[in-house]
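Structures given as structure tokens follow.
Two complexes follow with chain A in common, the first pairing it with chain B and the second with chain C.
What follows is the complex of A and B.
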């Protein structure tokens, strides 16, 4: 047990620091030690940076990646722990912008723009809902007390630990032997012809070619899902007493 | 083929976002924030998809992400309609008010809050400011008939 811990302290240290940070920040009453949680969170982020995010390629790309990653993670932590639902929606907007920046680094500019457009509408509607439905005079009781904060954070960080352990295993040993099932293009199958490697990865042309040749059934299904969701939302939305919306 | 360490960084960030979304889904009690936490998990998933797409140099990951985006938009619309309906029933966004939705012969998971929920607030009647002289007669006596 102790040997396992000493072998995997690079995995366990950021997890423990992050768990303490999120557990301290969980809304459980009037008093939260935010400064202590911030110290633990920054230490956890630095541990993740030094042990899990090695420098990869050009310096400018690394700087952008680290900035967007830190924005996404800090915004996510503050979103799930903020007392005020309006601020939580604002933090979610920050996370969405940071994820769009990471999409740009992943050479997906079209997806970045599409995500901004879709989530701009979604976040504005969510704002309207929060302002209309939540109490405007301070945060409500159910926002000031989390439900089962200790158990939930423990299980969440257990999930994160399992994911990162898997990542460590295939990134460490299997990649040294020349890649494994995650990393290799399957040899026995023919690749999807519309999605093969091109020079202009991420442009509207390549995404459209992939969507409308290889994944045209997925596009049809997505359209059907949108139609059914529209019908369902109209059916579920509350009606006025007059009978029309 | 892309860079392995770049892929690993993206996967770590995606995993962290997914776990944070899961924690938010479990701990928040506001219905709107539960929906936003699910969207946070979807962000982590689409980050993974685009990272693998870039690593393999194909556009398949971005096509999958378009699918994820569509499904998340549908989910947001349906969830907001559902939240509005639930809010109009109980006048609250607390998810604990809905913990007894099972069959009637099953054991109740929580105390039934329906009886405990406060009555709807009565609207105060509008009051006019008094104008003119006060009436002279005492309140108990009937007013004098007009000639």
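What follows is the complex of A and C.
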């Protein structure tokens, strides 16, 4: 046990610091020690930074990566701990925009723009819509006081820890095999002929080509599921002619 | 990058920024004058000759006016909202060409961000953030009218984004690119008959309508409908913060004018005076002027529409988006797909579009008539 802890302290330290920060920030009545939580949170972020630093690139790119990543993490923490639901939705928007920045840094402009349109432009707007309709008079009891702060944060960080540990193991294995990719084409299958890029197609065309060759079944199934959901929504919607509106 | 490149880059950003902000002030004057003429009034005529200094007077008044802040508001969001509206409207202009574009070093580019592969998508992504200004402004100002206006605006903008995106799909398929410069240059290469309006007239109409709805202009300004909601989401705003909402709206319709001209009306191309071959001295100025004239025509059309078509009812507005424009845009995309797949002559797209439009009209009238007869029978 002790040896395991000393072996993995660089993973455990940021998790512990982050947990204390989120636990302190959870809404419980009027008094929250924001300053203390902020110190713990910053310490946790720094601890993560020293261990999980990405392979260093050009200075400007590193600065952008660290800014976007820090914005995403801080925004995420504030989104779940803010007791005003409107602010929580706005923090969610900030998280989405920061993650889109990360997509852009990894040369995925299509994914980035599509995420901004769908999430920031439509889904979070719908959240704000619902919140503005539901909360006419002040914030509700359940917004001001978290019901099980300790259990909730503990289970959340346990999950995060397991994920990070697995990713770390996986990344280490893949690096040992000479590649850094999480996903690899299985050795037995040949690549789809249509998806093999013969020339540089640009981001949009390669996304389209990949969607309709490599992932054609997934795309078709997703389309079918969406169609079924649309039909279901139309069936469930109240109608004036049937008298249930 | 050399110093020369930096100077060109800064100029390419600064010139359109200042021209647009200045032009917006005079667009407001033009709108007031046009409204006055259409209603048989005189309009603003006191400040300067023919009222030409009126925008200056308005600007000074906006800046010097008392900052009114209603009580019990969410101060941070209240101040942030006009900023978001202005920022997103100006930011979207980054990928819009405003002249004969080029990406060679040392040449004035006539676009702020040249060679953006996903130019149109960027435009829609930034434009879709515009609604935050309206929602937050309406919600934060602690007023039921404002909140109702914000709710309407969010439903409207989210709905009209779908026909907006689907109407340009036809053009994207025809050009094989989402880059606005590429789409424009392809039309210019093919001359006057290469303008996309000859192939996609229906899509141009749908795009224009949806973009008007996105920018909350009359007849789509349900979010600030005076008779029901005082001023809608900006009821509680005054002085410069109100001016920033107005500025955001005008920058938005200016961008709409540029994009419509570049996507459907051949950008800076005009037969004889500004073609791909024209290389006489000062050709660039003529090209920019041609593009600006097209944009001006679109803007005047928008302002004339304001007093021509009355405001929709809210269910009519949503019905227009979901029952008319989305099906029409889908059929239009299907038509373009068939033309591309079977290699038909694109010349037949114009009659095809008209046929779709007429069919939709007939179907609409028939279903309305049968609906009426059903109601009469019941």
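The rule is short, and it goes like this: the second predicted complex is superposed on the first by the 191 of 245 C-alpha atoms of A that agree within 3 Å, B and C clash if a C-alpha of one lies under 4 Å from a C-alpha of the other, contacts with A are read in each partner's own complex, and residues count from 1 in each chain.
The criterion applied here is as follows: a residue touches a chain if its C-beta (ideal position, glycine included) is under 8 Å from a C-beta of that chain, and two chains touch if they have at least 3 such contacts.
Note that the structure is predicted; figures quoted are calculated from it, not measured.
In the superposition on chain A, A:126 makes contact with both chain B and chain C. More residues of chain A lie in touch with B than with the remaining chain of the pair chain B and chain C.
By the touch criterion defined above, A:204 reaches chain C but does not reach chain B.
Shared-chain residue A:77: touches chain B; no touch with chain C.
After overlaying the two complexes on the shared chain, residue contacts for A:238 are found with chain B alone; chain C is out of touch.
Legend: residue contacts after superposition of the two complexes on their common chain; A:5 is shown touching neither chain B nor chain C. By the touch criterion defined above, A:46 lies against neither chain B nor chain C after alignment on the C-alpha atoms of chain A.
Once the two complexes are overlaid on the shared chain, A:110 sits against chain B and chain C alike.
In the superposition on chain A, contact of A:63 is made with neither chain B nor chain C.
When both complexes are overlaid on chain A, the residue A:216 reaches neither chain B nor chain C. Residues 110, 114, 122, 125-126, 129, 133, 202 of chain A lie at the contact with chain B in one complex and at the contact with chain C in the other. Interface residues of chain A facing chain B in the complex, by the touch rule stated above, are 18, 22, 26, 48, 52-57, 61, 65, 69, 72-73, 76-77, 79-80, 85, 88-89, 92, 95-96, 99, 102-103, 106-108, 110-111, 114-115, 118-119, 122, 125-126, 129-130, 133-134, 140-143, 145-149, 152-153, 155-157, 159-160, 163-164, 167, 171, 175, 182-183, 185, 191-192, 194-198, 201-202, 206-207, 209-211, 214-215, 218, 222, 225-226, 228-230, 232-234, 236-238.
The touching residues of chain C, counted against chain A in their complex, run 74, 77, 117-118, 121-122, 124-126, 128-129, 131-132, 135-136, 138-139, 147, 150-151, 154-155, 157-158, 161, 165, 178. The touching residues of chain A, counted against chain C in their complex, run 86, 90, 93, 109-110, 112-114, 116-117, 120-122, 125-126, 128-129, 132-133, 202-204. Within the complex, the chain B residues that touch chain A are 3-6, 8-13, 15-24, 26-30, 32-33, 35-37, 39-40, 43, 46-47, 50-60, 62-63, 65-67, 69-78, 80-85, 87-88, 92-96.
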